[in-house]
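Encoded as structure tokens, here's the structure I'll be asking about.
Chains: A, B, C, D and E, in written order; residue numbering restarts at 1 for each.
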Amino acid sequence: MLEITTAHYTILSAALFSIGVIGVLVRRNIIIIFMAIELMLNAVNINLVAHAEQLQNLIGQVFVVFVIAVAAAEAAVGLGILLAFYRNKETVNIDEMNVMRW
Amino acid sequence: MLDTLVIPLLKIVVLLNAILISVTFMVLMERKVIAWAQSRLGPMRVGPYGVLQAIVDPIKLILKEDITPVKADKMLFSLAPILSLVPALVAFAVVPFGGDELFYVADINVGLLFFLSVTSIGVYGIILAGWASNSKYPLLASLRASAQLISYEIAVTMTLVSVILTSGTLSMVGIVEAQLADGVWYGFIQPVAFVLVMIGALAETNRVPFDLPEAETELTGGFHTEYSGMRFSLFFLAEYANIIVISAVTALLFFGGWLRPFPNVEALAFLDIIPGWIWLFGKIFLFLYLFMWIRATLPRYRYDQLMRIGWKLLIPIALANIVVTGIVKVLV
Amino acid sequence: MATQSAPIFDTDELVINMGPQHPSTHGVLRLVLKLDGERVVDCDTVMGYVHRGIEKLSENRDWTQIILLTDRMDYVAAATNNLGYCETVEKLLEVEVPRRARYIRTILAELQRIGSHCLWLGTHAMDIGAMTVLLYAFRERELVLDLFEEYCGARLTYNSMRIGGLPLDIPSGWDQKVRAFCDVMETKLPEYEELLTNNRIWLERTRGVGVISGPDATALGLCGPPLRGSGVYRDVRKDEPYAAYDEFDFEVPLGTQGDTYDRYLIRLEEFRQSIRIIRQALDGLPEGPIMGKVPRLLKPKAGETYHAIESPKGELGYFIVSDGRATNPYRLRVRPPSFCNLQGLKPLIVGHLVADVVCLIGTIDIVLGEVDR
Amino acid sequence: MTDDPKPAGSAPDGPAKPDAASDTPATPEPAAKPAQPPAAAAPAAKPAAKKPAPKPKAPPEPPKGPEDPAPPDDLEPPAFIAALQQAHPDAVEQLSYWVGDWTVIVKLEALIDVATYLRDADDASFDYCSDLTASDWPPREKRFDVIYCLYSTRRRHRVRIKVRAGEEDQVASVSGLWTAANWFEREVWDMFGVKFAGHPDLRRILMPEGWQGFPQRKDYPLEGPGELLLESPMEWLRLRNLPDEAEIE
Amino acid sequence: MAEALAFYTLSILILGLGVAVITTPKTVHSVVFLVLNFLCVAALYVVLQAEFLAVIQILVYAGGIVVLYLFVVMLVNLKRQPEEHQDPRRLAKVGLVLSGAVLVELAAIVVYSYGREPSSVSAPSPAFPVQGNIEELGWLLYTDYLIPFEVASVLLLVAMVGAIILARREL
């Protein structure tokens, strides 16, 4: 128990990922859903870094850099769309976002 | 145990106390310097030449009533000052006050990046303070502040890249040692970067002429309008701690830190009598004085002008500086 | 109360109340600003917080007692208020004021202009963030106040004139002190200019901000430096000379762009012109009485008149109706320059940013005591 | 209160008794001069029907209005006034000259014509409305004088025009001609209750929004109801009807 | 010992803050918890000897992306909470069940792979001509992964332009 192996990190990562999944599936506020997605990305990152450490191979860390870059892009575009949507419909409730055009 | 826990803890305690005390005296210094610039005397009543003002002011702030507005978001309202002070103090962890291990808490290989990332957390204190106050002026101010801090952070980070290129390391101690090895302060190799960082530092610490987030005459105090007492003094501490840390980092990166002038000129070796940390402190004071001098002299920029300078002036120059540094680095 | 004040703006956009307690509204002025982001979309000016009914009070005061009331209008330029009122009553009474009194009045009015402009410069620069100019300007204003104190014993509300002349002759040696002050002031003006005139930030903050064209400014009834800043040649001292201004040589600075920077330059130049006028007046100060032949009981014949002078803020007019019977005016109306200039605020600030609002309040140079009376 | 002090464009419908408290009698009495001792008067028999303040029956005759002295015979009026009389022969009621100031007294209906003429005619070109105010002469049927002080920045001359308006009369707003008149007219409305037709934003300007009465009128009670009138007019009326307490107030 | 202490403390914080993010009713509080969560993750990277990533995590995630979230929360000034709107067609319970299934699946993968040796494909990275975490990472990024790196930068540029266009008033 006191020795921390990669499995520990993997379990932590899985738990965090599940929290993110629950957030996406249960919450209706799209901003919180975005944040839950960020949680999931972080869970993946923890996994990648842990394995990079285990395998003494930096490729995992390289991947994390890309994931962070993509997360930044996702947040920018996603929140941009959200703002544009909010301006027209005055809602951030995902249940009300059921039209493809307005 | 002694090496890994006790000594670092002792260092941290000493450092924190030193910062807090120096902040109070820095406020006094600022009042005095500005007063002299304006042909006044400044505080004169408490103690000889008003020296004890530095002690009385914090006591006053602590004893004052701490008001929380009824409609404020209580949790964030309390959290915001802490979020703004903690990063300012944490940033000191990577600031070496001398080449010897005794003089710094930690010399990590990503020291400069750590400094940048920690100061970027400080923006939360300001945004959340404005939001949690549930009041219009603080909200406007916090929107201004966050836009300003993020923009100038980009400019400063990009500028520092050219310094990193020159030194080839991210460690603070390493950068100073690289200056010793190169035999010249980077302020002379990278004068453009130095100027950019100074401007960025003014903007990141919300000082005149970039003090829009707290512009008293426009926004009645800005993001801390609704704060009083101890929580207000935390913001105060954070601002001044930021000024000190940014002065220290500028001194380390561009003015050779604890190195004497012309560190490789043998003829000036007699200057080594003065210990390194005194050199560094002297340089820090020089920058602090510069901050105060500017405050006494310049008016305030407008919001759109500030953003224009940040995005259309500083960032392109910083990028060009990186390119030029890279080319020179490859050629030499 | 039955009357419900209708909402001035719908609340969808950010509406902020600037004032009545705000550090840079120069008194208890309240601006209801409707903002789109930081840009001002609409503005409503609310005033009257220091309305003391000076016009109504005057209807029940003796002619001489009203001089005291005029002190309280533009309290940073009390002497010009006194002057305007006394001249109007003198016009109504058809009293000749001795030449010496007119000269001293001119000196006082110009000193007052310097004092008022000092206060304007300091607060205007402070609003834009230049803290040091405030203290420099107040340092010089203090000298003006000292001179006034020596002349009439008061530092703010002077009550320094009487109908028909002056209450006091100048103290001995006072003229030398005024001369010395003029010399000091001349050396201090470059200090202000050094801090501001060519300062890049100052230029960016004031150039092209609050531009108003000459015809617009005229139609809006702006007066004083804001009107001259738009290039309209209008100075009561030249157009309708009063006191002893027709005997002096001075220039009226005019702006070209009509922006805040022009108004700033104009006021700075007015410092110099005021010094020039004071010097001329001191050189030619005639001997003679300081009080004209005024009846013991002031009772102007029935009639009405309007008389304006150039106060530091602009055209300060008094419209007085006498019914020919009482020892008080039947109606006294003050045409306050700050009031008219404040009306020009809304066209100036709409479309600008919040930061410019304080800059523009500073540039029109209002005193709320005069706006509200 | 029946009166809406902020008509905001809906002025015409107002039977609007502007001073709700004063129940203006058919023959408006002048407010007593404050110099006269109020104790000399016995309280009126029917306080409610009369002026609220039991005031002395003014022994001196109240002023009938400004003298408006005619110009001396040997003085020619300026050319633009002569031209104005030519252009609008019916508009000008009277000319007046006093201590160097010319005043043109104009018929109420012709105000806008005259003002437009004075602004646009080349020899007049009064482009600057330097003041706009009113005075109140209660016994007169048209109790208000509305006075316009005009100035020409091109020709550098002055003139005053004056119209006489009754309490119910609508004075045409000149804020379309001179923007400056906007706030001046608001102030005249605020202080005298003169209504300006066509004013874009006729609200109170110096007094608070819900203020009752018009303070600069000569019959406005001098000892001042103050905030009480603003806050609770009924209570104020009650106090007014108790003669002794009212005096204490 | 020290690693275990750090790991368990950070794990508890990370999971607790994660739960707080998705359960707090106020969106602003969610954002604050998210920041704290990311800071803890950064600390975990330090434990895993990935200092550069830790700093990047703070700089980009906490200092950049989440500020964006905070901005949006402040701009989207909600008059009514989105949770008030109940859509009968929405099956929250099914969502919970589904996420439970995901958790089970993940756990199964972890348990299955626990006993296995790491595959021989991913041998330790070849010797770098440079020393140190950042230097090696930089070497990899600018040699083997240069094209993905450039693609990522183009992606960021596109996202930036797109976000600006989307957020403009007149869309």
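Things to note:
In this section, a contact is a pair of C-beta atoms (placed from the backbone, for glycine too) under 8 Å apart; a residue touches a chain by one contact, two chains touch by 3 or more.
Treat the numbers as computed from the prediction; the structure is a model and nothing was measured.
Shared contact partners of subunit D and subunit E: not a single chain qualifies. With contact taken as defined at the outset, subunit B and subunit D are each touched by C. Counting steps between touching chains, the shortest path from subunit A to subunit B takes 2.
By the count of C-beta pairs in contact, the leading chain pair is A-E.
Between the Cα centres of subunit A and subunit D there is a gap of 72 Å. Annotation: 27 Å between the Cα-based centres of subunit C and subunit D.
Mean C-alpha positions place subunit A and subunit E at a centre distance of 5 Å.
Remark: subunit A and subunit C have CA centroids separated by 63 Å (rounded to whole angstrom). Residue positions of subunit E with contacts to 2 or more other chains are 52, 56, 64, 133.
Taken as a contact graph, with one node per protein chain and an edge wherever two chains touch, the assembly forms an open path, each chain linked only to its neighbours along a line.
Inter-chain contacts occur between A-E, B-C, B-E, C-D.
By the touch criterion stated above, subunit B contacts subunit C in their complex at residues 34, 37-40, 136-137, 140, 144, 208-209, 211-212, 215-220, 295-305. Subunit C makes touch with subunit D in their complex at residues 1-3, 5-6, 47-48, 51, 53, 55-56, 60, 91-92, 94, 215-216, 218-221, 223, 232-234, 239-240, 301-306, 308, 315, 317, 319, 321, 323-326, 330-331, 333, 335, 339-340, 343, 372-373.
By the touch criterion stated above, subunit E contacts subunit B in their complex at residues 26, 28-29, 32, 35, 39, 51-52, 54-56, 58-59, 62-64, 67, 70-71, 74, 132-134. Only residues 1, 3-6, 8, 33-35, 60, 63, 66-67, 69, 98-101, 103, 127-131, 133, 135-136, 147, 149, 153, 156, 158, 160, 178-184, 187, 191, 204-210, 215-216, 220, 222, 230-231 of subunit D touch subunit C when the two sit together in their complex. By the touch criterion stated above, subunit C contacts subunit B in their complex at residues 14, 16, 22-24, 35, 38, 125-132, 135-136, 139, 195-196, 199, 201-202, 204-205, 353-358.
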